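One chain, chain A, appears in both complexes that follow, with chain B as partner in the first and chain C in the second.
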Partner chain A sequence: MNRRRFLPVLPILTLLAMLGPVAAGLWGTVLPAFGHLPAAGLAGPSLDPFRDLLDWAGLPRAVMLSLSTGVLATGISLAIVVLVTAGWSGTRPFRALERLLSPLLSVPHAAAAFGLAFLIAPSGWLSRLVSPGLTGWERPPDILIVQDSWGLTMTAGLIIKEVPFLLLITLAALGQADAQRSTTIAQALGYGRVTGWLKTVFPRVYAQIRPPVYVVLAYSMSVVDVAVILGPNTPPPLSVQIVKWMSDPDLAMRLEAAAGALLQLGLVVGALIFWRLGEVVVASLGRRWIAKGSRGRLDPVVAQAALVAGGISAVTVLLGLVVLVIWSFAGFWGFPDAFPDGWTLRNWMRFGPGTLEALGETALIACTVALVALILTIGCLEAEYRYGLSFSQRAVWLLYLPLLIPQTAFLPGLQTLMLNMGADVGRLPVMLAHLVFVLPYVFLSLADPFRAWDTRMGTIAAALRASPDGVLWRVRLPMLLRPILTALAVGLAVSVGQYLPTLLIGGGRVATLTTEAVALASGGDRRAIGVYGLMQTGAALVPFALALLLPALIWRNRRGLRHG
Partner chain B sequence: MDKGLVLKDVKITKGGVPLLSVAQEIAPGEVLTIMGPSGVGKSTLLAFITGTLASDFAATGEVWLDGQNITHAAPHQRRVGILFQDDLLFPHLSVGANLAFGLQPGGCPATRKAKIEEALDEVGLSGFADRDPATLSGGQKARVALMRMLLSEPCALLLDEPFSRLDAALRAQVREMVFDRARARALPVLMVTHDAEDAEAAGGVIVTLGG
Partner chain C sequence: MKHLAILAALLAPVPALADIDVSNWDAVTAEAEGQTVFWNAWGGSTTTNDFIAWVGERVMEEYGVTLEHVKLTDTADAVTRVLSEKQAGEDDDGAIDMIWINGANFAAMKEADLLFGPYAEALPNWALVDVEGKTVQTDFTVPTEGFESPWAMAQVVFVHDTDDMPERLGSMQALLEWTQANPGRFSYPQPPDFLGTTFLKQVLVDILPDPSVLAAPATDENYEDITAPLWAYMDELTPNLWREGKAYPPTGTAMFPLIADGELDLSISFSPGAASTAIANNELPPSVRTFVLDKGTIGNASFVAVPYNSGSKAGAMVVANFLMSPEAQARAQDPAILGYGTVLNMDALSEDDRALFDALELGVATLTPAELGTVQDEPHPSWATRIADDWVTRYGVSQ
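The block that comes next holds the complex of A and B.
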């Protein structure tokens, strides 16, 4: 049988697909960072690229921005999620937040960032809604909100997208933490809801969610698309500057970009170490806090504040989408009118054909990548089941590795490496680059439901003389239809949202909805951005809707599969 | 012994610690009951016989079925049927499709359909073929699970606490049905249970492990 030889290879193939490009990219970054770039006729080693980097006047500020936005966004979103869960899990407002989770998660970062910009800019919707009535503004006030030099708006843009992500993984961790009984006991001992939860459940939950928290930190420090839309310009955060250098027609600027990329990697590693030390400090303070036995008199206030913050974060994303819709249908819309003078389909007629072309490219890449990722994932999990392999905790970190190494550190190197080898940029390399980021998410999304499947079903099916392949295709996969479709939707959404891999590895020639939308940021045509932002959101959202709808339709007469 | 299920010096260990050892012969139509408290490794023995022993266990000894050594055969080629305490009907298939899953391949669609109807008639579930298994009562599910297993024409039947989820009234009825069918087909039956009443009703040799 062919498969028997094929299946055991899949885990190795998967690791290769995930880590190969990362390793190659880092290698391709190190070489030019030390002055070695044959394509530009340069041979190293030399330290000049680092000297040039240090000579750049914007460097201290760019480094500070990278650190402050990353640490603040991670810290604040984690605090919101932890306190909301502590104060409200199991209550009605919490269930409302849970229901919003899937749509919130699937809104791409770029679309959420545009929505936030259109809300809170001086000429944004919020300002229009209260002007001139409350403010007396007849024209937009001259203050810098979006792209502020402290990067605060950018931080806010990251928070509204990281809160749903962290909430999702916290919910998954709660199931294994025996949270309900611990909080009941703590409350019976007189502890407040929040304090009781923090003192009993949080340590267990945090141990589980630690890897994704690190991912959020690494991502927030090195994000490019959100930074281009909401971040400061002069100087921009380090990651944006690296991309600028990379797209300079002068090939020699790639040396400085590579040096910057290594610095970015160092910053992220440093921040992760700093965060780890912070964990130790918090743990020791926490133990003292627990030993003190305080019952938490401020709990109601803290819980209220956290719920308000979580609510604002969720509502901002949704209102941002509403504003994108309004702009995409807006005729003339003068300040300070709350709504446009007229509604028109002209924007959609004008930008529609362009978005459709980009949608085709986006869908082709996303579908291919998500399907490949799904097949590799199912192959790995099935191999694990059939051969009784078990992945250690260390192997789980391997899954997170491509998400922990900043994109800006290895993607420029991957592009340079391809340039040196004379390899053509284009769609196929872009797909391979997307796979690096799609695979971990698909795997993490499917692994738990796949492993939770009752293996006695397999024993029964084998006793009924079904072969191992028969068990997989006729029993296991149909039973797991819903989680499989969800994993596929996750993969599609991750691919749709990819900006930097598409831009750098596509060499500017692969135009997806995301690259087109982000490219519009500098022009400031809000109608075009509205159309592209909505199409991008739709491309990520529709698969999630289908992943909910299809199993409900297909299994409409199968009560045993309706919940989970 | 030509016919029947033979366990030759089966010893199972976990991490080097001996868990159980069994040497028994079960003739066709007879029932061997293995009793013992939970955690003593009764289900592990069944997993060894079906070929699905988890990798953290190690086993020595041989399993012979109808004169053939099946110790190293693939699970789906052993012709050993098993029933668990849960019905484990496939939730994505209708009652009829569950039975068709068990029915050996071959025959035209009409014959297969007739065989399935016949199996349903035999356990008083006529006309249930298109039903969603989740809508059946506990006793009905147990009967479908039994017929599904019998349609696959096993050469031996293993029972893993098969009646413990059923309430008292149903229990005797289903138990009788299972043992009657097994005897009629001359199947060697190996049952593990911690319930003395089940063991007694089986009417065969009783081996007590651990405890």
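The block that comes next holds the complex of A and C.
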């Protein structure tokens, strides 16, 4: 009885869990941005926070950095993914890249950023490998690579993590775009692989991957952890400066932080509009290009270049992990030695116990949040199935909303709001904040397989007198074991990687592997960073491995279910 | 400065000391048993983290106090936290029980009545502290008045790799000339990092004919005149810094790997023993040594303070007292562990306790107390705040 009334409200509850904190956080940002902060004895409205913000000498560069890193990272990673898919989908190199997807996806941003820094710094591994032999460098050259003023290294750090994400999304969209037949016909008409794909399949695929592309743009413009590790600091990108203002001992600085957060939101909205206009321009140019009928003489070159770019991006992440492993076991390792003087377990013995503690906290938060997200998601999808309560096409955008609004725009507000209400920081608020980001990913990951389930199975079960709940528990969920575990793994990985929500909402008291690793970045102890980065990667990677392994074990005598 | 004014405006009566009798040590230890102390301390240094973990084990064994290290990236975070709690009316059981603090953060918290105390001079081990010889009762010239207890002595030393830079330097002027001859081989942490700000103060103290003007608070009238030589110096120095001053190491410890890689030949540290400890941990090459300037260098003490709203004040006092014990002090001074200077008076110790210190090796790169020379006073905290703000405007946003 009860459950019947409960299930239909689940979609509303889910939306509330996802959008409630965002709305509250934005409200909590708007108030102090206009000078209203009762906790500091300040009452608005006033425009002083914006005046202070404009007075900050670093503002023009900080804004430029936010825009340039975001647009460049999104544009380049999208180009790599589209061209690789166009030139190689269905071939052997493409399948190799596909197999690398899950591990690449689950490497947390911070760990990938550390790996990149340890690779390409003037004293990084790449430079060590070729010095002094090829370069003649006995000492590292004094060149600004990591933390360069233009944010190029930071952009690269974002690209290597966004390429796998966009590739995954594109693969999912390909299935519904009828790509195979279109390319076959295009090639039969003499079009090159890449040109044919771009002219026939790309418009349909892009229409589907547009929301995730916007997510990548919004994320890249406002990221904090990657920017702290790889980004410039004189001045830093806007999002980093907002976090700095938030942690100033003077509460009044939060007004400036809030004004900055609103500016960040405005920048993201502006960039999204700019991107949308860009789409229109590309579409009209594209139509002209299609009408011209060019068959694509440069296709092989373009395809090769794209594959090289995609390969470099994947290999960089993997090599970054290798260099983290080396540092974590390194004794003294001076420049230009390619490998350490000696290998030691000492670093793991020193930092192991600390990482285990952080791992416990990380696992507790991630498991709770991912489970709650999974339950809400299954509830929503089941309500949709039983009562036809589905999200309309427009409402699907609501799912992406928490991912489109920059974290730096609403998390500071959420923290200030909690402060005004006297709510305690700690683990529970952190979990609620994580849920905002975990829910959309879990939902997006599970929705398609859940809907694709053959409903005739349900009909048969019902004919055998199974109740609707019985069908769900005994037929549908077991059959969907693999996608459910995958969705859970996605949720865990998203939660493990969260930096800003843990830092701001946890008030520094909730120490996860990610916050500990980024805190260590300031100390520069590469051995500790190696250990923490690897533990962080492991925490995100192991669930993915289990999601592959468990269904194979559980359904070892059910052949038809193993791939379901 | 307007920030401090706002802090001051937030003052409200604090029910300090209503709940605990600091002079009755037995009652304090009895109450402390079973309490959990959240110690907020900068978490960027892995050796310090290990030391704090060891303190946690010992106070658990000895007093049944659980110590949790909350690793901060910036001590100001903890100050914010306490201030926020006060605004929210959380006066009894705040998130923080103890803070590793000094300088401007202490001055701000003391000014805003955010600290518990006075308690420090009621701790049993206070009797062993070298009150005469070490600056343990003032913190950046601000009297501590028992609101924080010392646990380590720090002094600026310059860290150099003798393979690349065999000679020590005697003055800041000599350092400037050396960077002109060796561009790109020196850097300091980016202010407002405390060590970076300390470097700026060290420059000022060394090049001013009479640094005693810095003991009084900076004023709008005297600030520009007095700091003008500092900025002239920095304008000359910056183009020859590592990365031409376009990027800076975030903290002091982040400079060690840069020395190990040979990117830097020279950097500074606030812990005379840190270089020896880093050599032992494979973080620095064995050729590294330290030196101080002819006129001496700035020194100060590290303190711990207890927020007014801590729910485990007795536990925090027990930890603070343990930190001043000969056992903890000798371990902190061991270059293989931490290499921090002790706050204790050797003459006040029992023979057994003194033996703990006598048994310590100094460490290959650590100067003897005599070699460390004159300890110069910290300027009043108002100088540090202004200089750091000024630095950010001049060099921190322009590249």
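Just so it is clear, the second predicted complex is superposed on the first by the 564 of 564 C-alpha atoms of A that agree within 3 Å, B and C clash if a C-alpha of one lies under 4 Å from a C-alpha of the other, contacts with A are read in each partner's own complex, and residues count from 1 in each chain.
Keep in mind that, in the parts below, a contact is a pair of C-beta atoms (placed from the backbone, for glycine too) under 8 Å apart; a residue touches a chain by one contact, two chains touch by 3 or more.
Note that this is a predicted model, so its numbers are computed, not measured.
Chain B and chain C, once both complexes are superposed via chain A, fit side by side.
Contacts of A:211 after superposition on the shared chain: neither chain B nor chain C is touched. In the superposition on chain A, A:253 makes contact with chain C only, while chain B stays out of contact range. In the superposition on chain A, A:311 makes contact with neither chain B nor chain C.
Comparing chain C and chain B on the residues of chain A they touch gives the larger count to C.
Shared-chain residue A:352: touches no atom of chain B or chain C.
When the two complexes are overlaid on their common chain A, residue A:20 makes contact with neither chain B nor chain C.
Shortest separation of chain B and chain C in the overlay equals 48 Å (C-alpha atoms, whole Å). For the contact definition in use here, the chain B contact set and the chain C contact set of chain A share no residue.
By the touch criterion given at the top, residues 388, 454-468, 470-471, 474-475, 478-479, 481, 555, 557-561 of chain A touch chain B in their complex. In the complex of the two chains, the chain C residues touching chain A come out as 2-4, 6-7, 9-10, 38, 40, 43-46, 49-50, 53, 70-74, 76-81, 83-84, 87-90, 95, 105, 108, 164, 183-184, 190, 242-244, 246-251, 253-258, 260-263, 282-283, 285, 393, 395-399.
Across the interface of their complex, chain A is touched by residues 47, 50-52, 54-55, 74-82, 84, 86, 88, 90-92, 94, 101-102, 104, 132-135, 148-149, 152, 154 of chain B.
The residues of chain A lying in touch with chain C in their complex are 39-41, 56-58, 61, 122-123, 138-140, 142-144, 146-149, 232-235, 247-253, 330-335, 344, 350-351, 353-354, 419-422, 424-425, 507-509, 511, 516, 518-528.
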